[in-house]
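Next come two complexes, and both contain chain A; in the first it sits with chain B, in the second with chain C.
Take a look at the complex of A and B:
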């Protein structure tokens, strides 16, 4: 029997049909996908003994208590500590996936440490008259912050810089005391303070959210006041006028600026007057808005003076905290920036004009190149949560001082740098035992209570020996101060408003979606961003009709242009964003672009 | 008729290869270290699943029993079977843990709580593990050469006779859906 070419095709066709009717190809597809999960480089938790470790999350200033389920010592799941008296067992989605952060593809593991040290020493030696070294600390109040201040005290005219803040330092918020919270864009229920504390206190206060975009906090608020962008101060002035029972001249203007009805503003003022203390918060901590607290009975009750967490007496000869604006332009020769832990972001344009024109040395301590690393001459890698050991200052909503450690649950890569020890080394002081020294100083005061996570027990600090106090902190514990013996009425710092330049010819007002934070778990940020639950740094949200006017569609590329620059983004259509507004994520790139201009235009690419 | 033959031959060969040859090729078999009879332990010793596959004090599942558990009864031979003699000679006397192959081990990216399913949801062991508890001798462990998963995850062989759901993700999701329970990713992929 002679086989023809046609027979071969028929045989092949039959074989193809037979293969498709068998399980082989379908299983191979599945198996290949599963096989790819075991490729080298894919993190795999160890198998072995199941245990638990305790720490505090340092990914944001809240510092929530964490119980890590471990397998063979490797954390595989994070959860809250239910009995914790302040965080109440709550962790945000970022905190729940915090143990993924060491595997973030953008993280740095090696850096030019020796070169950076040599350049820093040379810059210190070259500092001429009117020139200085400075440290910019994005999260002040830590023991590392004290190390910077002690180191800077060794150098002439050196400056310790921290982001300007009215609340969160010695002045804190007591949510539990507030009967009403009027929030001007502060994400009270979405990352502003300690999530567990806000949820625990939520039943006790009525929340009025004045915000342009219907944020997650606005959705959960009792009342959402959809005000026009940039009209927050006008609304605050009108409410102040009503509370002072002055003439209502500003009411009509405020109604016109905010887009609210006059009766709505009057009703808010009436509620604030009738339910004292009424707490007023502002996402940008503008003095004119926070000053409303003087009229609503908050000072001393919902806004309180917080004692500082004790430090050893020998540390108190340290450099004072200085705001960047107070430093002369073109005067910083050596700038060391600690962005190893997230904090408020200071736009680079504000920093850059303070640097000497002639070859300044900028060293950024960071875990990725996404922030100041784009501008610094040297970027030195740091440990990330939960690799490093660091303390977390009390959160903005903690009326009492606190001391808690973020412990190392996994070892840090060999090439990372401890920023505090690097700076201490430049100044010739020792900082390796700083956390232990501070722990001993707290234990020595005998003040406060030590809450240990493993057994959920509280003990008076005066009943705990310093060695045991330190041991407990390293195994997961939190020290909380006693209430101060007398109530001090806090003074709210008056800050000069730095309103972005008006550019009324540009059609869109810019609104930031979230508070600035460093990225977290690569898996979680992927989920958030792909689902648009949170805007990614390269996305802009527009109202569908506004997008239509600009000729852009969902998912297409566009350029956001301002007076100071432009940024390429992907467009997301969102009917919750008002017309005339473009919403962006608060990332380093966007904050720098919109520091000097709050208006933009959208151009299709 | 002759015209159909090449097509039918190709079809038949690939069907045979896919349904018969492929499973042999994709799985590699390993025998269990001990010729263990669940049936003898259940019938003669009256043992229940949880006597050996116990929960620890903190609620975690211990999985296969360690040698200590076996040695508590088999420090010396209790019967006259060759299997027991081999077990004592190879493992009990030298104090060496048997290297059991776990038919039902889930991959590392899955968190499965036995106590939530057994104690709280009252699901019988047989629901997922089939009639393994009444087997007279252990089957060879079959491992997928590509994925490294146990063949039992796919609900085949002996276990399939009494199992209502496979141990794949779809099996978990189907059961949770039927019961009206949470199906969040983070329930299992923590």
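Take a look at the complex of A and C:
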């Protein structure tokens, strides 16, 4: 048989068509996808020995117990400790991704430590008559706070400053004792206290939430009272009048101010009177609102006096806590701000007027430049959770004193500073063993119970040796005090109301969405950017028709303007926000802008 | 993936989600991303192009303020057991229903990125990788070793934490349990849910919480009229929440709105 050129072409063509009809090319396509799976750009997770480490989350004052799943000692996932008697195995979304914080792109790792120290020493030496050094501690009650107070006692007229608070120090809340909780905007089920404790206690109390925009807590509340912004105190006064059985003169005015019906206010007062103790909370802890607790049987039952976590006797000559308002204007020459752990935010405008006019030295200890670092002369980097070792004071909803450590699960970078040791160094005192000294002081009292996380066991503190007590705390444990032998009726501090001035000529009332935004993992983009489930710091929520009136649309850029400044935002439309209200996330930038003004206008860019 | 085998007692894993207990905190979304190595958002990503295997939507009753009331509805792959739409449209056989577990599995190695499945899914529970997966420097150390990150150009979705199921199978084998029996485990979202609104279990086990919830009169499934055999049962005492799951045509009511 003779093969021709035509046969060759036919064979080649037939082979090509046959190959196309066979699985081979399709398999090749699949395999191409397989190869691309191992592109250099796709990271390969490290493998190794799986283990567990225990700590307490220090990202907010709740201090929930944490179990970290580790690979070769590196945490790869965090979860709660289910048997924990107070946090009940619950972590919030921020806490679930806390192990990412050391790798946050905004993280500071180096800072001018020597220059800051020299400038601080010089400022201390230059302090004239009526001038002082001060420390602003955003989370008072820690061992580091005691170090600041001990250091400040070495200097004349020095001031230890903490954010003003009525609840959370020696006065605590016992949610389990409350039959009704009336909350004026306090996010009871979304970050106000310890999330696990609030959820565990939830079935035991009826929740009435009074606030303008239906928050996460309001969604789960038994009753949501949609009140007009700024009318909280009027509502509290009307309820107080009804509870005292005084004349109902304020009722009509309150109904008019709040937008509620008179019957709704009367019904709330009736429920509070019939279900004692009824706990009243306020997101801003305004005295007039918290004073309702005196009429609802809360004091001594749902609001209790908490014993202080023991400290060594030698520490007790420390400087007292002072509120910023009590410090004379233009009197602080050296200000050291510890924002290494998040806490309540004090607007910079309130701080700035306390600084001397000529060349004050402000040193911020921070993990990023996002907070006070924008205003400070020096920003010194600190360890972040879970790198640093720090204690966490008891949360606002813990009726018993507590002591627990946030342990270092990963090593901190070489350039970070321990703020307490920095300040102690300036004052010439030692603070390196302060945590151990306090642990020994607690163990010495023999009070309370030590709960260890790895084995979920409790032991009486008096049965644990101080060395073992300290070792257990470092491996994940919590000391809880015994209930006090007698009930002391707490006194609620009376504070001057600092409501921002309302400029009525601006069309929108400003309402804050969340508590002061925590530092968070980049993975929180799932809730802030990839779903808009939570309002991001660069967003503002408006009612669709209000947005239409302003000429803005969903996703477009706009400027929020107040009498004191302006802020660029992206617009989010939300029918749950009433007309005439703009809702913003409570971040440092928004809190500063709206500290002096509660109204704004929205301008399309 | 295990093929049909009459000796295996097949599980039918499913969930019950109590909408009345969901606070919309987002813990499930974060726990899912951490467990399954879902990367943080690209700076250009939006709520339409992001990657969230489980996504919490905020819904409202459509009434004007102050009568408006909201609820949060977590939506993930519904693991359809009947004529699974994404399986039918995939030209690469990259999607399969595991007969041993009932889980709808996605194999990114086979995926060509045509996104037919994204279009076919009536629940919008499938997500496309528009960008290379990137973590901030050093954060790759925190990746879960049980899950391989996916590349750009493929579709991904919830698989009821396949890595956890696999670990549970290994543990069962180590404990000497027969390989043919279903294993008990908990996906990351159910474990992380602070209010325990999300419960997971075997729908074939009448004692499991999802199986019990499925019989509850307040239970419903999303778009039940499509008869996809969804294995996610929602629950709410509120009539308007149950109604919204049927997705009446927007023109018919002009009320319902979704955010999140």
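Methods note: the second predicted complex is superposed on the first by the 554 of 605 C-alpha atoms of A that agree within 3 Å, B and C clash if a C-alpha of one lies under 4 Å from a C-alpha of the other, contacts with A are read in each partner's own complex, and residues count from 1 in each chain.
In this section, a residue touches a chain if its C-beta (ideal position, glycine included) is under 8 Å from a C-beta of that chain, and two chains touch if they have at least 3 such contacts.
Fair warning: this is a prediction, and the values are worked out from it, not measured in the lab.
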Exercise. Figure out whether A:76 sits in contact with chain B (first) or chain C (second), or with both, or with neither.
Key: both
Quiz item: Who does A:11 touch here: chain B (first), chain C (second), both, or neither?
Solution: first
Quiz item: Touch check for A:324: first (chain B), second (chain C), both, or neither?
Solution: neither
Exercise. Pick one for A:383: touches chain B only (first), chain C only (second), both, or neither.
Key: neither
Self-check item: Of chain B and chain C, the chain that contacts the larger number of chain A residues
Solution: C
Practice problem: In the overlay, answer first, second, both or neither for which of chain B and chain C A:22 touches. | Solution: first
Quiz prompt | On chain A, the residue positions that both chain B and chain C contact, one per complex | solution = 30, 34, 37, 44-45, 47, 50, 76-77, 96
Quiz item: If you look only at chain A, which of its residues touch chain C in the complex?
Solution: 29-30, 33-34, 36-37, 39, 41-48, 50, 71, 74-79, 90-93, 96-97, 99-100, 102-105, 189-190, 195-196, 199, 214, 216-217, 219-220, 224, 226, 259, 521-527, 529-534, 543, 555, 572-579
Exercise. Name, in rising order, each residue of chain B that touches chain A in their complex.
Key: 3, 6-15, 17-19, 22, 26, 58, 60, 107-109, 111, 144, 146-149, 186, 190
Exercise. Mind listing the chain A positions that touch chain B in their complex?
Key: 3, 7-8, 10-19, 21-25, 27-28, 30-32, 34-35, 37-38, 44-45, 47, 50, 69, 76-77, 96
Quiz prompt | Touching residues (chain side chain C, partner chain A) in the complex | solution = 20-21, 23-27, 29-31, 33-35, 37-38, 40-41, 45-47, 50-52, 55-56, 58, 60, 62, 65-66, 68-72, 92, 108-112, 132-151, 153-154, 188, 191-192, 194-195, 257, 259-260
